[in-house]
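In the two complexes that follow, chain A is the common piece, with chain B as its partner first and chain C second.
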Partner chain A sequence: EASDFCLYWKWRHLYVPRNYDPTLHPFEVPREYTRALNATKLERVFAKPFVASLDGHRDGISCITKHAKSLSTIISGACDGEVKVWNLPRQECLRTVQAHEGFVRGICSRFCGTSFFTVGDDKTIKQWNWEAPGYGVREEPINTILGKAVFTGIDHHQREGTFVTCGQTVDIWDEQRSSPIRSFSWGVDSFSCVRYNPVETELLASCASDRSVVLYDTRESAPLRKVIMQLRSNTLCWNPMEAYYFTCANEDYNLYTYDIRHLDVPVTVHMDHVSAVLDVDYSPTGREFVSASFDKTIRIFPKDKGHSREVYHTKRMQHVICVRWSADNKYVLSGSDEMNIRLWKANASEKLGLLSAREKAATHYNKKLIEKFQHHPQVRRIARHRHLPGDILKQKRELREMREAQRRKEQNVRKHSKPGSVPLLTEKEKHVVAVVE
Partner chain B sequence: MQNENLVQISFFNQLMLVHPRKKQNERSEASVQVSEYFVNAEGTGDKVNLSDLLGTVEKTSGASNKTKKQLRNLQSSKETLELPLNKQQTEKIQRGIAYEKTTAEVSCWKNIILQNQKAEQMVFPLNQESSGPKRVEQVVAGWKVQTPLEQEIFRLLHGSRQPVNDPVLTPVEEQSLKAMSLEEAKIRRAELQKARALQSYYEAKAKREKKIKSKKYHKVQNKAKRKDFLKQFDEMVKTNPEGALEELKKMELSRMEERMSLKHQNSGKWAKSKAIMAKYDDSARKAMQEQLQMNKDLTQKMVVPSDDEHESIEEGLETVPDFVNDPETVIDPVNPWMRGQLTHEEPEVSCVTAEEVQTAEEENEEEEIIGEFERKRKLRQADEEDLIPTEEEHVVEVSDKEEEDEDEEEDVSEFNTLFRLMRSEKTREGSNQTRGGLNTAGEEDEEGLLSEGQIRVRSIEDLEVLDEVVEPRAIEEPSAPQTAAAEATSEPPHKKKREINLKEVLTKEAKAVRLPFLPTVVDEEERDEQISIIKEAFAGDDVISDFIKDKSRQEAAGRPAVVDLTLPGWGEWGGVGLKPPRWKRKRFRIKTAPPPPRQDQKLPDVIISEKRTASVASHQVSQLPFPFQNTAQFESSIRTPIGSTWNTQTVVKNMTKPKVVTKLGAIIEPMVKEDFIKSKTTAAGGKGAAIMLGENRRAKEGTKRSAENKKKKSSCGC
Partner chain C sequence: MAAVTPEVLTSTHVEKMKKKKLPKRYWEETEKTDQSQRRPEEEQGKAGQNQNKSTVKEKSLKRKNGESLEKKDPFPGEAPIPQKQLQKFQRGKKCKVPAGARERLKEAIAISEAMSEHAQKQAARYDLLLPEDAGFLEGDEDEDTNTISQADIADAVDITSGSKYFNLHLSQFGPYRLDYSRTGRNLLVGGKKGHVACIDWQTKDLKCEMNVMETVNDVNSLCTLRSASRWLHTEAMFAVAQKRWLYIYDSKGVELHCVKKFNDVLRMQFLPYHFLLATASATGFLQYLDVSIGKEVAAICTKMGRLDVMAQNPHNAVIHLGHPNGTVSLWSPNQKESLVKMLCHRGAVRSLAVDKTGTYMVTSGLDRKLKVYDIRAFKPLHSCFLPAGASCLSLSQRGLLSAATGEIVQVYQNVLGSNPVSKPYMAHRLRGQIWGLAYCPFEDVLGIGHGEGFTSMIVPGAGEPNFDALDTNPYRSHKQRQEWEVKALLEKVQPELIGLDPGQLSKVDQASFEQRHKEQIEALGFDPLAKDKFKPRTKKKGRSSAGAIEKRKRKVAHEDQRDEIRQSVQERTEREKELKEKSNEKKLGNKSTLDRFRK
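This part shows the complex of A and B:
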């Protein structure tokens, strides 16, 4: 009867009576497989990650920072010392400050979102108000500290009024004082990046130019430990949800995730880039991170996978210098050599904005289907396919060939030498030279 | 000039006197590096010797002799102290210690991290504020008491230590909040909810049961309760003798009450009416007996267990025999002979029926229903047992007839042996499962029936094995005239083969008869008709032999062929009629290794194709993917559908729920240690008041941080 198939209300929901007898709905696997295949295809069809490009800088972008309390605001620093504050939804520049002479090397926002700090090649640390000055008032920093050497990076404490800079030494500053309250050095090398651990807020890590990554604890008088790798690490980023993991972007085209409790071997080696990796930033959920590379691409890696799940590039995007993941886990920002900041979606095929309940259910179902059938060759083939520019593809092939040759050579050497004299090293073990206590 | 200079210097000195240099160089800031210029180097030349100190020690009266002696010894000893470690080494040690400390501290995250990694769903931002109603004080910042009425109220509140202004929660409330994390609170809330729900269920159930009017139901219930109570009592005697004694007293009391009342004395209205009926009605008699039994049970005196044997003996002597207490049962009020002991004896005489009744009543309604089903099933089983042999009979005849064709006979016999093997295996399993040897035969048959699909061919030996089977005739009979008719119509035996073989086709029909609700006796005419229809429809079909042929063909196709590479005439004489020599044949006939055994090798009634079809292969998974241990696991993961076509709404929702959920437009802050690692910080907070030395510095900082955090929430200044 027709009345049997009408909607009815039950517990404030509309229900359609359904018969779930499996004999009435045969071929569940083939049908779901077809759906999965379609979902995969649609995912690729709708994968349009590029959202916007913010132009206005007159030199390459050297650093980007998010506002601590506002999702819509970012600041960027350029190689000509200019700092710009941007409004993302309106895609426009709110404010321009000539902050430094020479490069702006680092920017960081204060945790409360009222001011931000910049460091530059002119050996100064400047604190700026987030609020733009009134009409006719000159842009002037709240505070300026003149240092002895060039600062190459800055990061602010998560909850206290202290910040850390790096250059010749790693210095910890109190906001109220004009000289560092503590400075760490280990050897005579300079540092390129320093980051506070967002969870264990007294922990620090820095990348030094002697190819090492050094750990500090601000409560201790000396650095904790350093791990020396085969090539230099450019930047590093702590996982905001897992206190003892950090990932560093290396010159040898790879990224390495370390567990600070076991520094001798990285937890994961992330390899896909074909040129030096210049910047890395974790998603606020701590599940993935995004990396920017000299090879003009951005890649998104799951934190525990060796290969990227996504690669973004455009024809006009040059070497990507800096990259940040937005605080709501939805977008990725990249600043590149050709003076543009680009806004990307973190999930390429995600529909933005509010979704209706049915849309949401459908997307969840499709996602689950793709996950369920991810091992099936057709699904995998389609899901994995990405378009890459020709030269990157060529480089990739070249690299693969080189690796293969190296492997072969090593094999041959092993074959013709005394057994045990050429040990078999895993990929993880290859890149760490030493751990210095 | 010189004078001038001197004047200047003196002036300068004067200046210095006015503004002493020391004061000018004082630092208010802490600094790691202290400049050498500010160090006061007064008295650098003169050293303090140990002897200088010793001299004073000798003079002072306060110092003990022991110390003086030690100092003197020290002075006389020539040993030198060991050199302190050099700077590099001390730093290394310091670093090592610091690293150990830090790693230990960081390791406290391990559980949380693992938990989050395993979590089916994570919702970000992690610590969302509850969406419940908030107090005015929380929403409106900086709200102050203004009107006199308000002031009065708040004075009262002050008196009772209620929060007035900024700290919305009382210190006690705050502490209680701190004591439990959000997760724990959630878990506890869920537990409480569950408990409440259970309680309400029980209440509802009790209410419902109370409303039931059926006397029988309550009787059964009471009986069950009593039984339970007795069980508990037995346990109580062992575990809690005092409690048991109390219970005993209660029982004694109830016994006394029972003795005083006329409740079960067969003197009521109902009992009288039953007594009249009892003459003719068996059930009425039983009911009466039961009531009497009840009375007896209730009025029976409990024997209190005691250590003194004498007492118990005495008691035993004193107690009156049971039946004295028994009320007069008026089964037949007219007959005085039916009184007394006899009536007591009676239930034992008719124990079988009484027991049955009792058991029936002990069970509650559900059990009764189940029992009903059991009985029905038994009946059905009996029917089925009647049916089985008929099928077998069929089969025998079929096999008799099929042995005509020579070629096929081989196949069929192979088929038979396989089948027998299978069956014997199954029966063995079945016999293993059954405990007693009493009804194994019946169960075997049952199992054979249940798993049976195509029992068609059977030899006589098989029948001999199953000797205990009763021979029913009901279904066999119709087949006989049919075969006779078939024989009449068909002329030669080999042509008859092509004709429909009745029993082959009819096996399915026979199965249909087993259906429980079908009558066991089928209308014979109808059956005949059906048979003839089927016969017509399948004229010229021989299903089994076709199947066997088909299977053997496929098997043969799967077997690797011998490749013959012999070239006749190569290296020897060739010509018509000449065969290549044996060595050549041996060498050039290449036999490939036999393929792995077919999947259907042991399944006589199944053909499993092992061909890999190219069109499907491109869609199939060729290797076992990583997290799966075996193919079965992977296949099962694929087999379960997740769509709403196959599952209910809630199930789909659960199955498709995403791993990471983020709120639109919400900033996801990094984890905050104080929120997740509770015990440590609270412990540190407790320590705060104690002496704070270097080691306690971390703890102190922890408290400071949390304090800062709170401050940050209220106001934020740079």
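This part shows the complex of A and C:
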């Protein structure tokens, strides 16, 4: 009765009697659909992924590394041998070190977060303290190792005082010694990247310039096996959650996710870039990864999808050399040729900062709605739409045409040759040349 | 609800006199039997399995001396939910896992099924917390409820409810049509001779009153929408169908719009979730006006003559029109032809009403019959003969049917369903012919517009007792109204989504490949899958003469057909070969002794 509701006049705005009877809520589906459509549109409206740009380097960024313990700190190395330590929330440079002559090729943080290693074109490995030296004191490395050849990459063991470098060979070093404790090589080639497996910590993977990805076990004397692809892989990254998967960024514009137990066919081929892919990094959840390309874009792929869910680009960003996903799964860092490090949101339309309970509920509800109606043509069209720079769009079309032409050609060849002589290959099978044990 | 029977009272009284007894606990044995009586569903549903479990538990809890020290939960497990309540919140059928489905799909289906079941249970559980119950009227023995007069009812109920029975004597400008606002707070009456008034009928507060100096055909209170002009600061708008045009006024009676595209309107219906005003005119046009943007959405020429019988289906927003030839036609703004046309009466259709679940339609015609249809199957359920015929029909939220027969309003109970119409539940005699009938939402009130003015009649059990404050809240504050307005406008359903089945959007589109291909060709204007014609390259040295080109064309002509033919020929030859071999075997008769074991 009315009196009951009028009694609490003072608190009437808090009293919301509900009745969930479906007959009182007609047009359930059309209304929900309308809400989903609005949510999709709003998601696109609020998609503003660019957060900040860190400038200060005097040459192109060649590598970025996260601090092992601190979320807010990163180190970047440039092509002029300069290394900078950044504070992300304040967006400022804390420290600058002239570490090498020539390129800084690789940086890695020690697992305990007390020091970091850099390798450069001057054939040295240098270990630096995370702590900046006092005022007036010169920057000096803790330790310097002189190698025989140029190093191109470095990675540190998860728990022990050993690290691995790659160059003409893959070398395993003890922090206490000045010569490698073990060297691996398989044929004469050079390596561009080497990574420790985050779970099976004695396992290594490296990309070689003979178009192969090689797996090693540090406890054994010889490499385990390698898979040879049609073009060279630039870098690779292990999936931190399912560490039997790794993804490698290839020169043929694609990324390939491999299962180390079945190297003969990649699990997924990730296509969307229109130029060579230069770097790749997994999110800490292992569900997505980000890739940097020579085509001046970075893309975010779900780990099991063939196409990207997101593409980031700006007018000023040039060839993206390196990319990292922050350890709190919220941001993506990209370093590019034009001397800037850019900070992006991993989820473009996410609101930063604290959310009230109602905001949180609304975002969850909207997310669920979009998921529910994702296959409706209107919703899908809006959710999928991304703006691309003109030349990338043009290249994309060109590539599609080329693929179509190749497919047609292959069909014709198959049609006019002896049945069975031209096998039907899937996209996954096409790119692997051989697996060598 | 908590009525204590006298027997219980006496027994406790006697016990108290006799001796002091330990107070009874609800988990004790006798109560337990009560509980089992109260909840038979639980016993049936959980079968013997549960009982076995409980006995095992008892044993383990019992000590050596045979006394159980620990208290046993008298209501183990989840509280049971009556099947009827669960049924109320059932949405569609359960999804079956298709045969040969992959593990991933199976998992996804299982998860979504579990979620929807959980939601259904939670919603059904909430029914217990609803604060109000529906009212009813009960006569003494041998007393018909339809003989109880309104004055008696008004005397018997509390003062607030009693004041809901009142008469407005407006004999000058009648007869009156009326409309309640969606929350049920405001009443709009429009007299045929131009008198229009907007009243907060509970406080009897007159909001505006005017004479439009023209014939008024119909009135409709639109949703409460703020006007575009800020200084007006209005709450409500209403539409009045006048002699020529359709006018829209605000709640103070200021004319906002004169919509000249809508002429000679006889009847109007407002679709609140679509913000559409549907009008039926004397010229046979059914028009839709989007009141949120002021645009005409559709104008359909029905070619059925004068349209003065109209109703909306609140379940799917389809408009029902009744025609002089006895047919009822169903319309959506997306189609120039009617969705359905059904012959309902031998004479003209006089009035129509559709219930809120969209299951039943009640019609009355000049043949003095009252018919109930199932409009999901378009089948008549039952009909009855009313001696005077019904000129106006109206259905309440809880399914009470009121029919105006001459000067008497009759209210029927349990009309919707398969049992035939019996004697009326209530009746009320008025002076003057009845022109409009409408139930007030969320109130047990029937508003009657007639020649002598307006009567508000108390009909116990007519309105839905529990409103949902996020949908329509009669007691909403200013802020709540503003919030609701924004939300409602944001989720305005587009007129394209109006159709017979409102849930179609959630179903899988199972159009065949051919059908989709056909639609694609229609939309694009060409066939995207068509093969481009073979164009022979121009060659030199006279090899591109017309004859040579034709020859080359013939080489590749009908390539795909040739492939098919080649394949079928190959298959046939193989089959023949097999048959031949078999027959050879038979002829030779080289059967071994072991052949008899062959199948």
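Here, the second predicted complex is superposed on the first by the 421 of 437 C-alpha atoms of A that agree within 3 Å, B and C clash if a C-alpha of one lies under 4 Å from a C-alpha of the other, contacts with A are read in each partner's own complex, and residues count from 1 in each chain.
Basically, a residue touches a chain if its C-beta (ideal position, glycine included) is under 8 Å from a C-beta of that chain, and two chains touch if they have at least 3 such contacts.
Only a predicted model underlies this, so the values are computations on that prediction, with no experimental measurement involved.
Enquirer: Is A:Thr285 in contact with chain B, with chain C, with both, or with neither (first, second, both, neither)?
Expert: A:Thr285: touches chain B, not chain C.
Enquirer: Is it chain B or chain C that touches the larger share of residues in chain A?
Expert: Partner touching more chain A residues in the overlay: B.
Enquirer: Which of the two partners, first being chain B and second being chain C, lies in contact with A:Arg261: first, second, both, or neither?
Expert: Touch partner of A:Arg261: chain B, not chain C.
Enquirer: Once chain A of both complexes is superposed, is A:Gln411 in touch with chain B (first), chain C (second), both, or neither?
Expert: In the superposed model, A:Gln411 contacts neither chain B nor chain C.
Enquirer: Now for A:Pro17: first (chain B), second (chain C), both, or neither, which partner does it touch?
Expert: second
Enquirer: Return first, second, both or neither, reflecting whether A:Pro26 touches chain B, chain C, both chains, or no partner chain.
Expert: Second partner only, chain C.
Enquirer: Tell me which partner A:Glu202 touches in the superposition: chain B (first), chain C (second), both or neither.
Expert: In the superposition, A:Glu202 contacts chain B only.
Enquirer: Mind working out whether A:Asn38 is in touch with chain B, chain C, both or neither, as first, second, both or neither?
Expert: second
Enquirer: Report, in rising order, the residues of chain A that make contact with chain B in one complex and with chain C in the other.
Expert: 18, 20, 22, 25, 28-29, 31, 33, 35, 376
Enquirer: Which of the residues in chain B come into contact with chain A in the complex?
Expert: Where chain B meets chain A, its residues are 29-32, 91-92, 94-96, 98-99, 101-103, 105-107, 109, 113, 116, 122, 124, 618-622, 625, 634, 637-639, 641-648, 652-653, 655-658, 660, 662-673, 697-698, 701, 705, 708-709, 712, 716-718.
Enquirer: Applying the document's contact rule, which stretches of chain A touch chain C when the two form their complex?
Expert: Interface residues on the chain A side: 1-6, 12-13, 15-31, 33-35, 38, 376.
Enquirer: List the residues on chain A that touch chain B in their complex, please.
Expert: 18, 20, 22, 25, 28-29, 31-33, 35, 69, 71, 110-112, 114-115, 127, 142, 158-161, 175, 177-183, 198-203, 215, 217, 219-225, 240-244, 260-261, 284-285, 287, 327-330, 354, 361, 364-365, 367-369, 372-373, 375-378, 437
Enquirer: Name, in rising order, each residue of chain C that touches chain A in their complex.
Expert: Going through chain C, the ones touching chain A are 88-89, 91, 123, 126-127, 130-132, 160, 202, 273, 314-317, 356-358, 464, 466-471, 473, 475, 477, 479-480, 490-494, 497, 502-506.
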